[in-house]
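Listed after this line are the structures, all set down as structure tokens.
Shared chain: chain A. Partners: chain B in the first complex, chain C in the second.
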Partner chain A sequence: MSSILLYNALIGGLVFGAIYALIGASLNVMMGVLRVVNFAHGEFVLIGSFLAYSVFSLTGLNPLAALPVVAIAMFFGGVAAYYLLIPRLRYSDDAETSSFLLMFGVSLMLVSSITWIYGADIRPVNFSFDPVNIALLTVEDAYGKGRDGKVLVPTARLVALVINLAIIAAMTWFIYRTLPGKALRGAIMNRDAIQVVGIDIDRLSANAFGLAAALAGVTGVILTLVIPSVDPNGGAPLTLFAFIVIVLGGLGHPIGALLAGMLFGMVEQFSNVLLPQSAAQMVGFVMLVAVVMFKPEGLFGRKVMR
Partner chain B sequence: MADLSQTAPTATGALGRGSDIKRQRRIRRAIWYALILAIVIWCAMVPVRDGNLSIYFAFMLGATMATGLNFVAGFTGYMPFGYVAFYGLGSYVTGIAVKLLGIPVYLAVPMGGCAGILLALAFAPTLRLSGIYFAIVSLSLAIILQRSIALMPEEITGGSLGMNIGVLTDRIQGYYAMLVVLVMALLTASWLAESRLGRSLKAIREDAEAADAMGVNVVRSRLYAWLVSAFFASLVGGVQAWFTGAFDTFTAFDVLVTAKAIIYAMAGGLGTVIGPVVGTVVLVWADELVWRAFPELNSFLLGLVIALLILFAPRGIIGTLIRRYPRLRNYFM
Partner chain C sequence: MSWTSDPILVVDGLVKRFGGNVAVNQATLEVGRGTIVGLIGINGAGKSTLMNCIAGMYRADEGRVEFDGQNLIGLTPHEIAAAGIGRTFQVPRTFERLTLIDNLMIPMLNRPESEDELIALAEAGLAEVNLHDLKMNNGEELSGGQQKLLELARVMMLEPKLILLDEPFAGVNPTLCTLITDKILQMKEAGISFLLVSHDLTSIYRLSDHIYVLNQGEVICEGGVDDIRDDPKVVEAYLGG
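Right, the complex of A and B next:
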């Protein structure tokens, strides 16, 4: 086991962890504010990826150029989807399970639509930064016999990490320091009580759905830098990872999801290095089951949200 | 005088009502058994008159899975989104028993069913979870099981190529085995609905605490429904392996298997005995009639049907009908 592999796992853990953190946080905004279990969240992310792919393949620009367009389009798309789908759910006996099934149906429609528009193939996003790789550090005697090894990281991944962290910082600031953010947190803590202080819960819910969709789309754009290809069937694994993250962080707690996302990213990258493939794919789900069975409030408890 | 006889219930009146209930039950049963008989005759004739085996097999498979899921989703309110775990386990146990141990397939399938019951016992602690936690954990357990089987040595499970038992099994026999399993599931459903257990389950679904106070053993009743449900899914998985002869970890643990079971049951009406059958007939028929014209839109339409059902008819065809015309309750199980 070369220590270079472990360094790579560490950096990969940061890069993917930040992505999972963002996906989990946006899923948890929906979960917390609306009690909607969005089984189509991975497809929301995919829409962002495919829009970035379109911008790149049509104009040759950096996929990041799609970022503002995707954010705005997904926000309004999300608000529209909210009014189309969610209010009716209130009439059902078990709103959470109904939303789960409803969004599963939506995810089938989205995958099918994306496949219909773009075809079923995995498309490469051949955008490259200059330089392609950056050597972060040198490991002495990495391969034995006195040969040194360098820990090379794709520039695109570093850029993705920086942008991702910036968005996470902005989101945390928004949730803790602005009035709409406080309303959002209030709605997560007690949906009934905040209506007493004069908040229009319908408008807040619609905006929260839009915000979550926009964050998901933005994550999709960033994802094209980390994994430079787009796959119409790539949404389902993302949804499952997002569920692992929000369960680890506590259902409905965006900040818990940020921490859990980083944790899951690390665990995933290190298990990829240390375990056989099928076992590595299992680790996250085993963590999920263990947390739900033994610590259903999430690894970080309720204090995180305060 | 007429007023009097209406306001004051007499002994004969109460008796009359009692026989009314019995008569209604007889009608409900007659309709139900006639439906089962019709299905048996119709499906049994298909191989003889060279009908399309695959479609009728899909119908029988769907109806059995939907009925099996209804035991737990309809009668207890749990939504096992990883229901496919039992189906996949049934396929693999059957496949391994036939191929490696040389056991005849008609014994291997019940072995798969028993393995399903054991797995359900192992998963039983999840029954204390509620709502969405149960659904997510159920799905995760199905994925864990799938990856565990993928981890097993290739000589046993066939690895990524999957298993092929086609040379050892007969397709037509598999078809009739499916019919037998379907009839077993339907008879179990009507027996359960009228049994003490079925009434306990309905009471628990409406209000678990009240049922508990009335002396219903909540934990045990739910467990029984869960085991029965798992048993049938595992049998179906085994028979599916018998009929098609080939499967791998992706087809045997495809989340669409669960999704279709849920949708068929919901389309007809969760919690009713006849609902899952009606839902399956309608959707499989629609699948054939309409969706064949637009193959590329197949999964889009499945998703659309799911969304529309949840939004506009969460009680399904039978449930909505009964809600609108309560008298129909006398005719449908």
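Right, the complex of A and C next:
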């Protein structure tokens, strides 16, 4: 096997892993603080992708131009959605199950809305960077004796990776180094305690919902660089990946979700290279089942900071 | 008739039901300003439920809770905390994966001081309960008794007028019990009032200015230590007749 393929798998694993990490971490914040099973998280990502598509198709600008607008709009949209939907769950006998059903409904509603606005077709985002590819390194004898090969990576993917890692770093700094971020983690650890020390749990939860929505939207923008098309039905698989990442990393562990996302991306990409395609798709899910069976608190359940 | 001329907390006819189960039934009590009031009763008597109703964790079905002249019914737990009521829990609810400093800084989230000033306040709070040397440890690394002290220090960051203490001595070694008792008495000297729930009758008798006895959600008697100690209703409630 050409080692170029392995290098490509490594880079692909980093790129997709960072995306899964951000999707999983944002869902983890929402579920941890609010105990809301957000089945519409993939659609939140999709909204970011479609807004990036709109910016690109209307202006011809780089889809990344949508990043600040998406972040701000999704944050405030998330805060508004929180106050509209979530406080009513308090009156339910089983708030978590109700939240799942509620957000499943929101998911269907968002897919319908996106289809209504954009149509059912998959939309291309044909923006290209100059140069299209960057040769990261040369591998000697990649294709046999004397035939060197270059590891070419699409510039868009590298840009996506760098921006994604920067956002992850900023999110990690916020959650672990600032007092509001620590309060969010405090709410994840104990909702009762956070309230009796004078913190408005509704306001904190609304901000967590907004933050998670903004991060999901931003991930959607970045995703258009990695997969240059947007599909109105593409939300469900993203939601599934987000839940897998949470199970792997451990609920309520933002850092665990980041590590699990990277791990899942790596396993997926290396499986694509090393295994037959049909078997490769199974590996990530086998890992999920194994974790549920043997380490239900998640791979990083007790080893990372919550 | 009221036992105190200056009540800071008045609970009047409070009822809390869970389905058909009446956990608190027409409970009436008062906490005098700067006093320690004991609340005793066997397991399931409704002590913690009553505490939760006062702290806003549960919404009372009937009755009135008035704190320093302010009606607390309908307020959220954070609003009640902001009004000046702190509470601790029977099983300490520290932020187990935050450092002790962070545990004490979270109650000061909305305060205007700089971060350095907040850290200094938190460190002083930890020193008050002899936990300063562990300031960078996580809450989960403390013993049960130390976690109770941490909760007490955390409550103090709110600058409360009244503290609801739920079983502060349960599962705590005698040395830390003494430390907690001393802290409570110091705070009382500083003018803070307490509603103290405990199974440890010795501590309750030693600390309380007035005691209420709860049985099956109802206040069955009240009085000073000497009144309560030999009251046949208390003996019956505790020993089953």
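Definition applied: the second predicted complex is superposed on the first by the 303 of 306 C-alpha atoms of A that agree within 3 Å, B and C clash if a C-alpha of one lies under 4 Å from a C-alpha of the other, contacts with A are read in each partner's own complex, and residues count from 1 in each chain.
Criterion: a residue touches a chain if its C-beta (ideal position, glycine included) is under 8 Å from a C-beta of that chain, and two chains touch if they have at least 3 such contacts.
As the structure is a prediction and not an experimental result, all values here were calculated from the model.
Enquirer: Identify the partner contact of A:88: answer first if only chain B is touched, second if only chain C is, both if each is, neither if none is.
Expert: A:88 sits against chain B, while chain C stays out of touch.
Enquirer: Could you look at A:279 and tell me whether it touches chain B, chain C, both or neither (first, second, both, neither)?
Expert: A:279 sits against chain B, while chain C stays out of touch.
Enquirer: So, does A:68 touch the first partner chain B, the second partner chain C, both, or neither?
Expert: neither
Enquirer: May I ask you to decide whether A:183 touches chain B, chain C, both, or neither, giving the answer as first, second, both or neither?
Expert: second
Enquirer: Any idea whether chain B or chain C touches more of chain A?
Expert: B
Enquirer: Pick one for A:198: touches chain B only (first), chain C only (second), both, or neither.
Expert: second
Enquirer: If we overlay the two complexes on their shared chain A, which of chain B and chain C does A:237 touch? Say first, second, both or neither.
Expert: A:237 contacts neither chain B nor chain C.
Enquirer: State which residues of chain A lie in both footprints, the one left by chain B and the one left by chain C.
Expert: none
Enquirer: So in the complex, the part of chain A that touches chain B is made up of which residues?
Expert: My answer: residues 37, 85, 88-89, 91-94, 96-98, 100-102, 104-113, 115-116, 236, 240, 243-244, 247, 251, 276, 278-279, 281-282, 285-286, 288-289, 292-293, 296.
Enquirer: Contact residues on chain B for chain A in the complex?
Expert: Where chain B meets chain A, its residues are 77, 79, 81, 125-126, 129, 131-133, 135-137, 139-141, 143-144, 147-148, 150-151, 255, 259, 262, 266, 296-300, 302-307, 310-312, 314.
Enquirer: What residues of chain A sit close enough to touch chain C in their complex?
Expert: Residues 179-180, 182-183, 185-186, 189-190, 192-202, 305-306 of chain A touch chain C in their complex.
Enquirer: Any idea which chain C residues touch chain A in the complex?
Expert: Result: residues 55-57, 76-78, 81-82, 86-87, 89, 93-98, 102, 105-107, 109-110, 115, 118, 154-155, 157-158 of chain C touch chain A.
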